[in-house]
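Two complexes, one shared chain (subunit A), two partners (subunit B, subunit C).
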Partner chain A sequence: MAVINNMVLSKFLGLCPFFGVSKKLSNAISMGVAVTLVMLLASVSSSVIYNYILVPYNVEYMQIVIYILVIAALVQIVELIIKRTNLNLYNALGIYLPLITTNCAVLGITLINSAENYSILESTVSALGAGMGFTLVLVIMSGIREKLDLADTPESMRGLPIAFITAALLALAFLGFNGMM
Partner chain B sequence: MPDTVLVILILGGIGVLCGILIFVVNRVLPKEPGSLKKAQEILENLPNMNCGACGFPGCFAYAQALAEDKNTFFSNTCATVMQQEDMLHKLEEILDIKMDPSVIDKKAVVKCFGNSKPAGRYNGIKTCRSASKIAGGSRVCPYGCLGYGDCVRVCPNGAIYIDPENKVAVVDPGKCNGCGLCVKECPRHLIELVPSNTNIIFRCSYEAPRNIPNRPKCDLGCLGCKKCFKVCENGAILWNEEKAMPEFDMSKCVMCGKCIEVCPHNRLIALSNITKKQDPCTPDSKESVVSQKEESKTPEKQNDIILQ
Partner chain C sequence: MNDLRDKREDCPGRSVGSIFWKEFVKGLVISNPVFILTLGLCPILAVTTSIDNALGMGAGVIFVLLCSNIIISTLRNATPSLVRIPVFIVVIATFVTILSLIFEAYIPALHQSLGIYLSLIVVNCIILGRAEVFASKNPVLYSIADALGIGLGYTIALFIISFLRETLGTGGLNVFGFQLFSLPVLSEHPLTFFISSPGAFLVIGLLMALFRWIGVVKCE
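Moving on to the complex of A and B:
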């Protein structure tokens, strides 16, 4: 999940924080950790709900709505914890912290878990892998972008355009891991 | 049980559970400190540009420091607030302090006129800081503006731009709020904060005794002719023998403008005219045309050195 089926570069989920928070390495690491934490909690609770409530009552079609509800509550809790314990980190993450709610990587991993009929333990492990993969890519990207800021890029390519190209090249590199399987 | 009721029950139950969970977490965690509320109130009256000129990592950190000790405002003054009266008054009310805006109302000026010739082709990182480190800088004048715009990037107000003609940084006094970030950023220390009621600035920093061997003097720089020093009737212009440069005592200046007229190279200029284009008939532009012609006749081999 971390490298071969990378959330960002192979499944193209969670692109918003991938470009939004990858300007500085320190912010990227804390964002990755926050997303991983939310993914873990969301996967555990959603697989509990899926296996013990939705499947026995035959209402699997409600999974998207219920997962969004659970994720929103979890993000609120994580936000509260970060705000009360580390105010500077809270300010550095800014709008991207509540935006984890709408991060499709988090909803994506919970939906993949239920589609693959993972048990609670299996979905925990897959969420951990996905979170680590997300953090890894965010760290790589921010490292490259910090260096790119100093490079002599053409006027029209400065900023986001070169970031998009970098992301494409990174995705190509990660595609190479597929062949190793 | 019909399916719809079941679904509503499940969804409602999970929703209530989540609500209870958030409530519990909110109660268990330590309460926000009292100073935080005051900091929030102070933050509303700060510019929120997060320029960092006050010495704190952002407006919020500054507001927190102010909430703890209001004297921080005197040691680390926010220059932007000083320019905005309504913000300043509200801040004074909240913090219970009094400030005199005229004391720290300042503008940045670039003390270089630009147009110094390149010393060679420079292919390195396009920042002044790196250009200034190689072989004494990428321009001929060792005290001139390099024009790669480190100050432009650091300015939180977008008040600085690079004049495309002369390749020199120019501060727009209308936009500058005197935060002083550019002063710290310039590797050649060409930018200076002057009181905003100053009218005359001297746009050259060439110090004769610090001359570097094999570097010709900027042919557009201060000649050291002392004309401005001699013409000033009020003793506002002093002559610094050591640096061979004029120095200014703004308290004695009456803004008569005689020094501006007499300066053969137009290095003295009124602050209010700084962003306006130069009259094409000034000696300055004539001279630059002449020097360009001379240059084209005898291309210097020195210019072909590539600075890497």
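Moving on to the complex of A and C:
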């Protein structure tokens, strides 16, 4: 899950933070850790809700509404906890923390878990893998982009377009991991 | 008066009469959600492997954007600003659920191939963004125009990308079962690279550069 079906490069989830936060290496690492944490908590709680509330009462179609509320609540709680316990980390994460709510990778992994009918343990593991894959790619990408800033790119290519082409090459490299399965 | 207005909108559509039309055109061209604002990227890359998927996704986004804009703009005076974001999200999530049920019932094949990306319209930045920036501050009629313009702009972007990817990647074009054309050499040796995920990044990166280049040339 972490490298073969990478969240960003093969499922295209979480692209907004991928291109938004990957300008500096330090930000990329903290963002990756925060996303992994929220993903893990969200997967566990949503799979508990799915298996013990939605399925017994036959209301699986409510999953989108429920999951998005669970994720929003979780992000708030994580934000409060980090603020109380570690103020430095809170300041470092800044605006990126509340933005995790609208990160499609988080909602995506919970929806994938229920679509695949994973048990609670399986969803935890898949969320951990997905989060680590996200962090890995984010860190690699930000390393490349730090160097890319120094390069002389054509004017209309500067910024996002060249970032996309970089991502294309990165995705090509990750495609090679397919052979591992 | 007329002169003044013409001058102010010299860059967007010049002959624009009503505000409705202006909001509509704005979303379509000037602030195209994908190429200029770079919003809602995740589904763009995922569903543009074929024209069918892209058009289905575009229709879905227009539906959700239109309905949620109408509701949010109707309720804009009754929503306390402190809880507005949760309210928006619940409204949007409701319409996405409705959309997903409709697709499942009437076009199951499309529902199958769009998969979780259909549900992920909930967290598409475009919809929440338009709710926050436009629908929560403007009357219902203008919000409808805004939703149609932005939604169509999104669909056109989806269409362009998927057109390129399907033509290059399979060597022909199939729209809902009808074969429109197939290129002589490409259909025998398709460039499958463009259907795969690296191809998606490459195509959108180049298109973005192209749009930006056109923008630079026009402004000068």
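Definition applied: the second predicted complex is superposed on the first by the 170 of 181 C-alpha atoms of A that agree within 3 Å, B and C clash if a C-alpha of one lies under 4 Å from a C-alpha of the other, contacts with A are read in each partner's own complex, and residues count from 1 in each chain.
Note that in this section contacts are C-beta pairs under 8 Å (C-beta built on N, C-alpha and C of every residue); 3 or more make two chains touch, one makes a residue touch a chain.
Predicted model, so just to flag it, every value in this text is computed and none were measured.
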**Message:** Taking the superposition on A as described, I'd like to know which of subunit B and subunit C A:Val65 touches: first, second, both or neither.
**Reply:** both
**Prompt:** So, A:Leu150: does it touch subunit B (first), subunit C (second), both, or neither?
**Reply:** first
**Prompt:** Per the overlay, which chain contacts more subunit A residues, subunit B or subunit C?
**Reply:** C
**Asked** Is A:Leu175 touching the first partner subunit B, the second partner subunit C, both, or neither of them?
**Response** second
**Prompt:** Of the two partner chains, subunit B (first) and subunit C (second), which one does A:Asn91 touch, if any: first, second, both, or neither?
**Reply:** first
**Message:** According to the stated criteria, A:Val55 is in contact with first (subunit B), second (subunit C), both, or neither; which is it?
**Reply:** neither
**Prompt:** Is A:Leu121 in contact with subunit B, with subunit C, with both, or with neither (first, second, both, neither)?
**Reply:** neither
**Request:** Would you mind listing the overlap between the subunit B footprint and the subunit C footprint on subunit A?
**Result:** 62, 65, 69, 72
**Complete:** Within their complex, subunit C touches subunit A through residues 38, 41-46, 86, 89-90, 93-94, 96-97, 100-101, 115-116, 119-120, 122-125, 128, 196-202, 204-206, 208-210, 212-213, 216
**Prompt:** For subunit B, which residues count as touching subunit A in their complex?
**Reply:** 3, 6-7, 10-11, 14-15, 18-19, 21-22, 25-26, 29-30, 32, 36, 57-58, 60-61, 125-127
**Sites on subunit A touched by subunit C in the complex** = 9-16, 19, 61-65, 68-69, 72, 101-104, 107-108, 111-112, 115, 154-157, 160-165, 167-169, 171-172, 175
**Residues of subunit A defined as touching subunit B within the complex** = 49, 53-54, 57, 59, 62, 65-66, 69-70, 72-73, 76-77, 80-81, 84-85, 87-88, 91, 150-152
